[in-house]
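These are the structures, in structure tokens.
Same chain, two partners: chain A is paired with chain B first, then with chain C.
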Partner chain A sequence: MSPNKTKELARHRKERIWMWLQVLPVLTVLVVLFGGALVLAVMQSLGFAPWFGVNTFPDFSFFRALWGEWSFWYSLGLTLYYAIVSTLIALVMGIILALAMVRFFPGKTLYKYLYKLPLMIPYTVGIALAVIMLGNGGMLSRLMEFVGLIDDPSEFPQILKSHYGWGIIAVYVWKQTPFVTLTIYAVLLGVGRETEEAAAILGASKSQTFFQVTLPQILPGIISSTLIIFAFNIGAFEAPFILGGGYPDTLPVIAWRYFNDADYSLQLQGMATVVSIAMIAGIILYTYLALYRRYERKIGRN
Partner chain B sequence: MAGRTIKTALNSRLSSFQKIYLLLIAGFILGPFIPLIIQSFAFRWAWPDMLPSTWWLEQREKSLLPLAWDYVISPYSRVWEATLNTMFIGTVVTVICLAICLPAARVLAREKFRGKAAFEFFLSMPLIVPEAAIGIALLMIFIRLGLAGTYTGIIIVHLIPTIPYMIRMLTAVYQGLGRDFEEQAMILGANRWQVMRLVTLPMLLPGVVAGALFTFLVSTNIFLLTFFLGQGKIITLPTLLFSKIAGGTLDASAAGITLVVTVPGIILLLITERFIKEEAFGKGFGN
Partner chain C sequence: MKHTLISLSVTASMLGSLAMAENVEANNFRDGFLKGDVTWADVETRAKSEGTVNLYYWGGSDPINIWMDQIVTADLAKLGVTLNPVRITGTKDAIDLVLAEKGSGKGLGEGSVDAIWLNGENFATLKRQDALFGAFADKMPNSKFIEWNAEDPRSLLNLRDFGVETGAAEAPWSGEQYVCAINTARVDKAEAPSTFEGLQAYLTTNPGKFTYVKPPHYIGNTFVQSAIYAHNPDGTGAAALQAPIGEIGAEEFARLITPGIEYLKNLEPLLLGGQKGNARYPEDNAALDGMFLNGEVDFACKFGLYAVATGLNNGTYPEGAEGFVFPEGNMIKNKNYLAIPSNAPNPAAAMVMANYMTSVEAQTSKLKFTGMPPGVDPWKLDEAQVQALTAASPGLVGVTQAELDANTAPDTNATLVDVIEATWLEYIERDSSDDIATIVARAVENLK
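And now, the complex of A and B:
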């Protein structure tokens, strides 16, 4: 009995070791790169930078200097505003599109190629498109002259390079609506339409069917896709850099400016900015997920 | 066929609102490319003309090619260099990512162990931690290590955002595979190597191809990490385009480059649509 048991245990242990060996490469890459970057960023933002001759760890003065300026809070507001508005617009547009995609229509095969195009190309292409469409000398401006609304490019309402950021939001929405659509469409395909059909047979109205049957079913897709695009939008750099309204910029742009400043000591303030971005994103996303978990438990799903 | 004859309570056709909506979205997605294409063939196109006042074709004797395209194919534009860099980095990243993710995905799909949920959460962290934070933090380390501005550095950093996608897609593939087929082969007397070669690999292949294509796609689209860690020494298509439009204006040559940067995406779209099924994507991202 007992030799058998030890043999069994040994075999079990061997299997466990083999299992961890298989996971090890991925784990190493992520822990070293990702974890290492985060830990070092936090330490530097707290004054640990011996290579600049700065080592005042732990020192909260960089955070104090950063958070003490009104422009930081203005930047934070701008960053969140662009991220939230574009995520919401992309979500609504994506849901409507996904609901249409599950139906039959002529040319659906072609459409399935077409709507995914923005997913496949870099954000910089979207920015170029925004410039040619929405810039002061762009197509929209020409169109307004054509119908006689304006006589000069300068009269065109500033869409790009303003703090309202409609150019930035347009780029995000253009690029992310297909992502939301794809995720929700995939969930809808997995669920099938039987439950919707049952609801319809039982006499539910269209809006009842949507809010009480379809929406809870696609909720996991909504949560995961909005999490990903919201996190991306908070950390995005190129669109606010090119299309943004200048000082005060969004937080990632500020971090980059600090980091490239000729004054080395500002690099640590840049690190404090980076850590602030990660912290704020972390808090928001954690709250969002926690609320969702609570909702899932409430409706008895896990 | 029976399904067709049964009258369902649900309408499976589009409402007229949906028809208009689909058209509007198609216009929103593709429409902006039209002026871009026109721009790249224009000779003179000043505000407020809706179409160029002088097309390249009318000025053929002055320049053999449209000005934009003449510039794009010349070495001064560095388009060719950027394309090669993009393809090279994408390929290496895909191979490494596949090699390290395959075994891990196998474990995730088949084994149960303590801390598995936490581990899975950790693997998807790169998707939800802002890229700017990772980019700048890593740049500091890479400058110390002499990796900033090198291919090695960029390839390493591209692994971060690609791993979560690859892991999810491969785990879904392994889950769909199940163990039954491998066990049956073993019962029928196949050895481990035969099982691997004749059963597991052929069944995994479509999923692996899908994961590889998607990883390649993600890598070729990365801007921020390449821009921060490339230090201007290594240019890829997204960073090249960024430098052309950073001023906020778009001339004919920038329009041409924008179109060039779009091409790999179109090619990948045509290929991936055949390999990546919506359902598979949903399995990877539905939770």
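And now, the complex of A and C:
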């Protein structure tokens, strides 16, 4: 073997080792922590929990008991309703805001910082704000009592703690609109405004320009941001727990109730709930992405 | 997620620890102490060498946290023990941890929980899983302040925790009674109901002005229990509900609780939000206190002999709040305790801490700072000690000690509480179409 070839092989090997070194840390976390937890969760939901003295693996009775009850499907409906409605509202508001941000308006520099504020505030604080402002006995109800619109803070219309979920949706939208805006704004900056201007010169109306030029351009931003916030919304626990309407609860809250019950055998039922959430979220997100890929291939993007 | 992680670590450590030998030295210490071969001076010496005590307790109350940090930490430091207060949101988290570590083969001297503030089902779980250190509570010097003589009926609260025999495996720390408060700024005290029938009548004219904490929270369970006592078809009240479910039997138990559960079912449309078909049950104390403070409800019930005085003091109760007697003859009284798990890493330090906690000094400062009533028994104290406790008490508002004593009822057996919880969830929350007997039978079967 010529010395040149040996050197090249050595270089290749070095590169490959370097690549593995780059990939390894994240891969370890994913496989060991996430993968391990997932495998254990599935095993527990199928009856493997020797530390509670339960070992009937494999046993589908926990899923059967869970899915056999009408309240599970009601809860699933509620979970999806909160997740979808808040994602849609955040998306529409985010697009409008992002489109405004690429144009010039007075005070834009300040506004550019202002709209990102909710991104830096934790969800729990947002939930606390909702309780303080919108609750019965909150600021708004007390103000209304003060000016004499109602006799008693408890007569204030119930925004929180109802199955319409206005409180939950408000917190999600408040927190997620800036995120959607940020993503779409970045995409808009990347594509520039030339195509829009060209469309305008060629005589396209405003709505034609939006639906046929701008929307396809920002679609990757829409897909990635809605994917992330929807995945969060479907699995989030705090907001529906604190602001939700009580029984029937959303699925993550049900899982928590099972885990928190003094009866240990219910933990396996809780695991079955968690695995169900993961399965449902996985199926929805996968379908969503697959449809988008098909659309991309159709329009010739790869 | 947390549970997944716990279970994950359990499995991981299970593999590692199968071959690990039990901590022989710590086990010898325990056996010696329980047999009486180890003197208290030896315990104190060992506690100093252990150095730290990890006390797991519900950290949702600022006054308790401040008291722990400012008083207990300083006093224990004088005994050579550093207090590590681990504040948890639910006592069950600590039980989970103990059982998970026990499952992974960690024995005495090897776990991470030294002591837990608990009672009721959580103690029953530890006992059932054989995860307790042993009968230490009657062997501490300060156990002289506690009535252990079974012939004295007043010893019941020390010997039985929710009907489960304590076996001195937990030290009484505080004694509480379930007391309801009325907002006299909104309701005339003369209108305060004293029976469940009175409550229903009041709510019929003032719908929505009452609610109770949602079971399975113990504050909610207790309300349900007192309703069951008051509606006991035999008229025997609490007495019929002291034996474990195995002795009573599902059928008989269902018969005993049916009138009480039916009453609560009928009450539901009259509760807060019930007029719109969606009764609102607060998740915990804090949520209920908020509703009471905001005038959403006129009455609020919880464990808290001195809750009204404390609440008025720190502004969590409305200004017109006063205690009142409800329900007559069925105001449940119980104690809460400090237990040492079987895999405590520092058992001697845990006992020194428990001994300190049962001292009159600690009981007095606890009462003064947190409004938690004493867990020691007043008839076992001398005059000066009783005086100190009386002086530290925030005082009763609207009720007298004699009224409270006259209306006392014991807690329900812990094994029954699980069934009551399950029945409430099924029959009232989930609005099941099955009858109570069927639901009880199913719950009993599931809990086996």
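For this structure, a couple of remarks:
The criterion applied here is as follows: the second predicted complex is superposed on the first by the 273 of 302 C-alpha atoms of A that agree within 3 Å, B and C clash if a C-alpha of one lies under 4 Å from a C-alpha of the other, contacts with A are read in each partner's own complex, and residues count from 1 in each chain.
The rule is simple: a residue touches a chain if its C-beta (ideal position, glycine included) is under 8 Å from a C-beta of that chain, and two chains touch if they have at least 3 such contacts.
Just so it is clear, the model here is predicted, and its values are computed rather than measured.
In the superposition on chain A, A:10 makes contact with neither chain B nor chain C.
When the two complexes are overlaid on their common chain A, residue A:291 makes contact with neither chain B nor chain C.
In the overlay built on the shared chain, the residue A:124 is in contact with chain B alone; chain C does not reach it. Using the contact criterion defined above for the overlaid structures, shared-chain residue A:153 touches chain B and also reaches chain C.
When both complexes are overlaid on chain A, the residue A:197 reaches chain B alone and has no touch with chain C.
Legend: residue contacts after superposition of the two complexes on their common chain; A:238 is shown touching chain B, with no touch to chain C. Touch criterion met: A:261 reaches chain C, while chain B stays clear of it.
When the two complexes are superposed, the chain touching more residues of chain A, out of chain B and chain C, is B.
In the superposed pair of complexes, A:247 makes contact with chain C only, with no contact to chain B. Residue contacts after overlaying the shared chain place A:105 against chain B, while chain C stays out of touching range.
In the superposition on chain A, the residues of chain A touched by chain B in one structure and by chain C in the other are 33, 36-37, 40-41, 44, 51, 137, 153, 161, 241, 259, 267, 270-271, 274. Those residues of chain A that touch chain B in the shared complex are 16, 19, 21-23, 25-27, 29-30, 33-34, 36-38, 40-41, 44, 51, 93, 96-97, 99-100, 103-105, 111-118, 120-125, 127-133, 135, 137-139, 141-143, 145-146, 153, 160-161, 174, 177-178, 182-183, 185-187, 189-190, 193, 196-197, 200-201, 220-221, 224-225, 227-228, 231-232, 234-238, 241-243, 251-252, 255-256, 259, 267, 270-271, 274-275, 277-278, 281-282, 285.
Those residues of chain B that touch chain A in the shared complex are 8-14, 18-19, 21-22, 25-26, 28-33, 35-36, 39, 47-50, 99-101, 103-104, 106-108, 111, 113, 119, 122-123, 125-141, 144, 156-157, 159-160, 163, 167, 217, 220-224, 227-228, 237-239, 241-242, 245-246, 248-250, 254-255, 258, 261-262, 265-266, 268-270, 272-273, 278-279, 281-283, 285-287.
On the side of chain A, the complex with chain C involves touching residues 33, 36-37, 40-41, 44, 49-52, 71, 136-137, 152-154, 158, 161-163, 241, 245-247, 259-265, 267, 270-271, 274.
Interface of chain C with chain A (complex): residues 1, 3-5, 7-8, 10-11, 90, 92, 99-100, 103-104, 121-122, 125, 214, 216, 273, 278, 280-281, 283, 290-291, 293-296, 418, 421-422, 429-430, 446-447.
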